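Order as written gives the chain letters A, B and C; numbering starts at 1 within each chain.
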Amino acid sequence: MRDIPDIAALVARREAFKSLEAPFYTAAEIYDLDLEAIFGKMWIFVASDAELPEPGDCVTLSVGTTSVLLLRGDDEEVRAFHNVCRHRGAKLINEPTATIGNIVCRYHGWTYNEDGELILADHMGSDFDKDCHGLKTIHVRSLAGLIFICLAETPPADFDEMARVMQRYLAPHDIANCKVAHQSDLIEDGNWKLTMENNRECYHCEGNHPQLTVPLSEFGFGFSPDDMDERRSQDVANYLADVARNHAKWESCGLPSAEEEHLSNISGFRTMRLPLMWEGESHTVDTKVASKKLLGDFTDPKLGGLSFWTHPNSWHHFMSDHIVTFSVLPLSAGRTLVRTTWLVHKDAIEGQDYTLDNLTQVWRYTNQQDADLVALAQLGAAQPAYEPGPYSRYTEPHVEAFAAWYIARMAEHLDTAALQVAAQ
Amino acid sequence: MRDIPDIAALVARREAFKSLEAPFYTAAEIYDLDLEAIFGKMWIFVASDAELPEPGDCVTLSVGTTSVLLLRGDDEEVRAFHNVCRHRGAKLINEPTATIGNIVCRYHGWTYNEDGELILADHMGSDFDKDCHGLKTIHVRSLAGLIFICLAETPPADFDEMARVMQRYLAPHDIANCKVAHQSDLIEDGNWKLTMENNRECYHCEGNHPQLTVPLSEFGFGFSPDDMDERRSQDVANYLADVARNHAKWESCGLPSAEEEHLSNISGFRTMRLPLMWEGESHTVDTKVASKKLLGDFTDPKLGGLSFWTHPNSWHHFMSDHIVTFSVLPLSAGRTLVRTTWLVHKDAIEGQDYTLDNLTQVWRYTNQQDADLVALAQLGAAQPAYEPGPYSRYTEPHVEAFAAWYIARMAEHLDTAALQVAAQ
Amino acid sequence: MRDIPDIAALVARREAFKSLEAPFYTAAEIYDLDLEAIFGKMWIFVASDAELPEPGDCVTLSVGTTSVLLLRGDDEEVRAFHNVCRHRGAKLINEPTATIGNIVCRYHGWTYNEDGELILADHMGSDFDKDCHGLKTIHVRSLAGLIFICLAETPPADFDEMARVMQRYLAPHDIANCKVAHQSDLIEDGNWKLTMENNRECYHCEGNHPQLTVPLSEFGFGFSPDDMDERRSQDVANYLADVARNHAKWESCGLPSAEEEHLSNISGFRTMRLPLMWEGESHTVDTKVASKKLLGDFTDPKLGGLSFWTHPNSWHHFMSDHIVTFSVLPLSAGRTLVRTTWLVHKDAIEGQDYTLDNLTQVWRYTNQQDADLVALAQLGAAQPAYEPGPYSRYTEPHVEAFAAWYIARMAEHLDTAALQVAAQ
C-alpha cells in the first residue's frame, strides 16, 4: 500500500558511498521537504547580471511554489520580491522577463515602486494603511555577477566565504560586460538530485558525451589506480604535469586556477581551472573560441575552462570567450528544470563574432544526453527492485559529497523542526 | 511538508472583509468538501428551458463527480436523474445533449422510461425485481425557465423565496420562447470561488474589460467617497437620478427594477435592473440590440440590463433582445468550468435578425479577460507569500457577501458532520 | 471528504453476484494493493515465445512499477530480470524490444551476461565484489509457448495444474512455429478489473460487437431459461447437439475440446473449444481462415475456436490458422493496457497467405468497442450514485467467478499482512 515514508529514518540510515534510497527520488513528501529544507533555506543560483542589465528589467522564476520577481532598480542594484499582490493575491508579473516602471497589478491596479512599497490602491477608503501592504522581500546576493537568492528569513552566513574565495576566480571573466546570447529551458524527467548527481561525476562522460569530451582528458575526472598499466600510469603523470604547468602560467597572469573544494560548507562549492586539450582555446567541438570578442581584459584565448559548482543547484563554466551558467530548479518529485544560459561579450555581434549554433553545440547535445540518463535513473529508482548501489571512490567522490551534504541539511532541518514541535 | 489543512480551524478564523486563506483555493481536501457542503447541498443553476425544449431532449452535465441527466418528459416537465445504470453502473448518456425515447444503457440493454423506471432487463431470471432497480432521482426546479438542481436529499427550503421574488423580474423576458443561439464552455485555471469572487465586483472592470464597460457607468459598481471632488460628486448625483428615473419608467411598464439583495439566505441571490448608457438598448459594443426580434411582449428596446446573481454558482443578464446565462461548475481545486449561454427569441433568424459575432462579442472577450485574471489569482494563492488581503468596503461588498455566505455554509456543514459523528 | 477506504471492510462485506463497490474501481489505495496482492503474487501472462524467437531477443514491459526484462538466452530458454542496474539504478533496456549480446547499462557501462551476472564495472576498485551485484531475477514459465511471470518470491504452486491440463489443448497449435503478425497496445480508460469483467461475459456482445458475433451462437454465452419459448428451446437443443458432435470429432483427431473450468484455483483458468457457425473455419468476419498457412500439423481448417482464460490478466483464442493473445496490465486505478498479439505460422507471407487488415479486423473493432464500454463503466463507478448491481446468474457467472476469485486473493493478502504485523 501507498506508505508515507518515514523521512527521519531514511535520513538517519543513509549509507555513505551509496546512492540514496528510492523515496528520496520519488516521494512527493520528500520533494515537499526538499523545497522547505533545501530550496527554502539555502542560497539558490537563479540568474546572472546579464539577464537584467538595465534599471526596470525584471526576471521572474519559480522556486517550488514560490514565484520570485527579480528587478533591477534605478540604483543598478537587483531586488527580489515575492511576486504576489497584497490585495487579493494575484500574481504580479506573469511573463518570464519584462521591463517596467512601477510594479502594477493587472487585477485592480494596485501599484508598487521599485522598493516594493505600495504607492497606489484605489477605493480602499481613508483608513487604509498602504505601509502595511508592501511587497514581501527576498534576500538576494550577486557574486561577481552571478545572482543568488535565499527564501529563508536568515540566510546561511557562509555565503561570504564562497564570495571571498570565488570573487578572484570569476571577476576576470567580467559578467557585467556580458550579454545573454542564448538561454534554454530543458525539463528533465527526473528528481533534481539525480540531475545534480549526474552533474557531479564524469564517469558517464566517455560513453555518453562525444561533444563534451572533445577537449577533456579522461584523467580529469578520476580513475581507479587498480586498472592502470605502465602506459596509462605514464599518461596520468603527463596529464598532471600539464595541469601544473598551465596553473602556474595562469596564476602568473592573475587568474586563480588551483582547485578549491568546500563541499561540506552549508553554502558548499568547488572550483577548478582545467586545461583544454588539442591546443584548446574554449569548450567547443573544434576547441577554438566560439566568440572572437574575448571577455574582460583577456588577450590570450587559451585560458582553459574554469568550472564552479555550488550546492544545491548550479554549475558554471567560464572560458576566455564565453560563459555557460546552469540553474537547476525542481518542478516535482520526478521533473526538474535545467536552465542553461550562454553569455558572450556584450559587444560581440551574432553572425560576425559568433554563431549560436557553434556557441551552444556542446551543451545543447550534452544537456539532452544528460536528460536521457537522468530519465533512465528516475525510471529505475521508481521500481521496487531498486536499491542503493555503490559509488566509485575514484570517479564518484563528488556525487558522494553532494549526497552527504544533502543528507546533512535534511538531518539539520528535521532536528530543527522536531525542536520546534517540542517547544510548543 | 504536505499538510492536510485543519478545515474547521480555517473556517472558524476567517476574517471579514479579507480574502480567504490559501487552502480554500488550492487544497484538494477543501475542494472535496466544497463538493459536499456546497455543490452537494445547495440549489445549483445548470441550464435553461431553451436547452432542452422538446420532450425527449436531454442534457447531461457533471457536478463534481456526479453526472446529472436532465430529461424533458412527454408532460413537458424536466426530470433529473443520476446518469448511472443500476446493473453494472455504466454511465447511461455519455453525450452532452441527446434526444431519446427511453433511456437505454449501451452496455447490456437495460432500459428505463422517462420516469426512470426499469422496464427491460434481459436474462435476469424470474425472481429479479425491476422495481428495485429504477434510476436514482435528483431534485429539479425551474424558475421562470432557469433550471436549478439540488443533489441533497432535502433541498434548502428558501428556494421558494427566491422564486417568489424573481418570478416577476424574469417572467417578462419569456425564456420559454427563447432558443439557444450559442453556448461556450470555458475552463478557467482557478478555483471556482475565485471565479465567483471575480464576478461579484466590477472594481477590476475599468482596467480589464473594454468591451463590457462600454454601456456601464463607473458608478454602477461602487466607489470610495474619499476620492471624490465636487465634479465627481455631481456626476454621481446625476447617475443616481438617472437610475431612479429609469426605474420609475420600467416599473410603470410592469418591469420590476429595484435592487433586491438576499445574499445571506441559504439560497442567496441579488437582482437589479441598471440603465445602459449612450441611449443604450442592449449590452453590446454599439449599445444597440443584438437581435431585432425582441423577447416576450417587449416593444421598447431600452429596458436596461436586468442582472440576477445566485449563490453559489450563477449569474444572468436579461436585456430586451437577448439573455446571457452563466453556470459555474468546479472541476478541481484549480480548474473551473464557466458555461455561458446566449438566448434569443426562438423566431429570431441568424444572419437576418442577429449575428453570432455581434451577439456574443461582449462576453466572449469579457469571459476570457476574467479567465486570465482568475488564473493570476490562482497562481498567487498557490504561493507561500500569499496571505488574505483586504476587500474594499466600497467596491467589493458583494465579494465579502459571497465569502461570508460560503464560510457560513461550510461552518454549518462541519457542525452537522461533527454531530453525526458524535451521535454514532 | 477524501477518505482512505477501509479495504478490509470492503473485502469482507462483498456480496456474491453483485458488482464490486466503487473504491475497487476508483481508489488509488486499492490499485496499489492490487499491484501487491494480485500482480505482485500471481502468475501474469506477459508475452508468447513468438515475441522473442531468437537468442539475444528481449522484451521489456511494466507490471505496475516493475519493469521486467525478458531475454532469450543462448540455451533457448527465456529468463526474466528486474530491468534495473545495480550501480545507480538506471533502467537498463528502455526500448520495448531489442536484440542484445550482453546487458550493458548506458549510464556507466556496467555489463551483465545473459544470466544477469555482473561481468564488467570500471573504476570500482580492487575490493569491489561483482558477485553481489548481479541482476535480480523474476520467475518465468512457458506454457506451450505462452510466457507467464511471477514477481513473488514463492509463486503459486498450482501453475503446474494449469500447465498439465492446458499443454494438451495448446500444443497442437504450435506457438513455437508462429510469428507475430501484429501487436496493438490499447489503453482503456478504466480499472483493470472492469476490463477483465467485461471479458468474462458475452451478455454485452449482441448489442455491441457486430464483428465478433458473426460466427458465434447467441447460446454460447448463457441465457435465461425463463425467457424461452418452444422455438428458442429447440434452437438451444440443436446448438448443444452441434457442440457435442464437433467435440467428438475434434477429440478423435487429438484435439481436446471439452470445457475445463478451474476458476477457483489460485492460478485459476478456464478453457473450451466452440464451433464457429456458418461453416466457420476461423474467427473472421467471413468466417474463413485469415491465413492460408495452417498452424502445426493441421490440415482441416474447421477446428472451431479454442479459448483460454486465465486469472488475473489474460485470454487467448486459438484457431486453425491464427492465434490471438491478450495481456491486461494495470496502469493506474482508471487506466489499463490491453496488449493484443496476432500470431500466424512463421512461414506465412503477408500479402500472399494473409492480409493484416483481414487478420486483425474482428479484434481491432471488438477491442475498441470493449474499451468504450469499460470507459462508460469507469465513468459510472466514479459517481456517488453508483452502487453494486446484480449479475445475471445465467449470463454473468464468470464475471462472478472473477470477482469472487479477486476478493478471495485480497482477503488472503490482508490476512497475511495482518499476521506479519502481529508477529512483529
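Here is the rule we use: a contact is a pair of C-beta atoms (placed from the backbone, for glycine too) under 8 Å apart; a residue touches a chain by one contact, two chains touch by 3 or more.
Just so it is clear, the structure is predicted and the values come from calculations on it, not from any experiment.
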Given the touch definition stated above, what is the smallest step count connecting chain A to chain C?
1
Look at both sides of the chain B and chain C contact and report whether the same residue positions are involved, with over half shared, or different ones.
different
Cα-centroid distance, chain B relative to chain C, in whole angstrom:
48
Per-residue multi-chain contacts in chain A, two or more chains
none
Under the stated contact criterion, what part of chain A meets chain C in this complex?
1-2, 19, 22, 197, 203-204, 207-208, 222-224, 226-227, 373, 376-377, 379-395
Under the stated contact criterion, what part of chain C meets chain A in this complex?
28-29, 32-33, 36, 65-67, 82-91, 94, 106-109, 122-126, 128, 133, 136
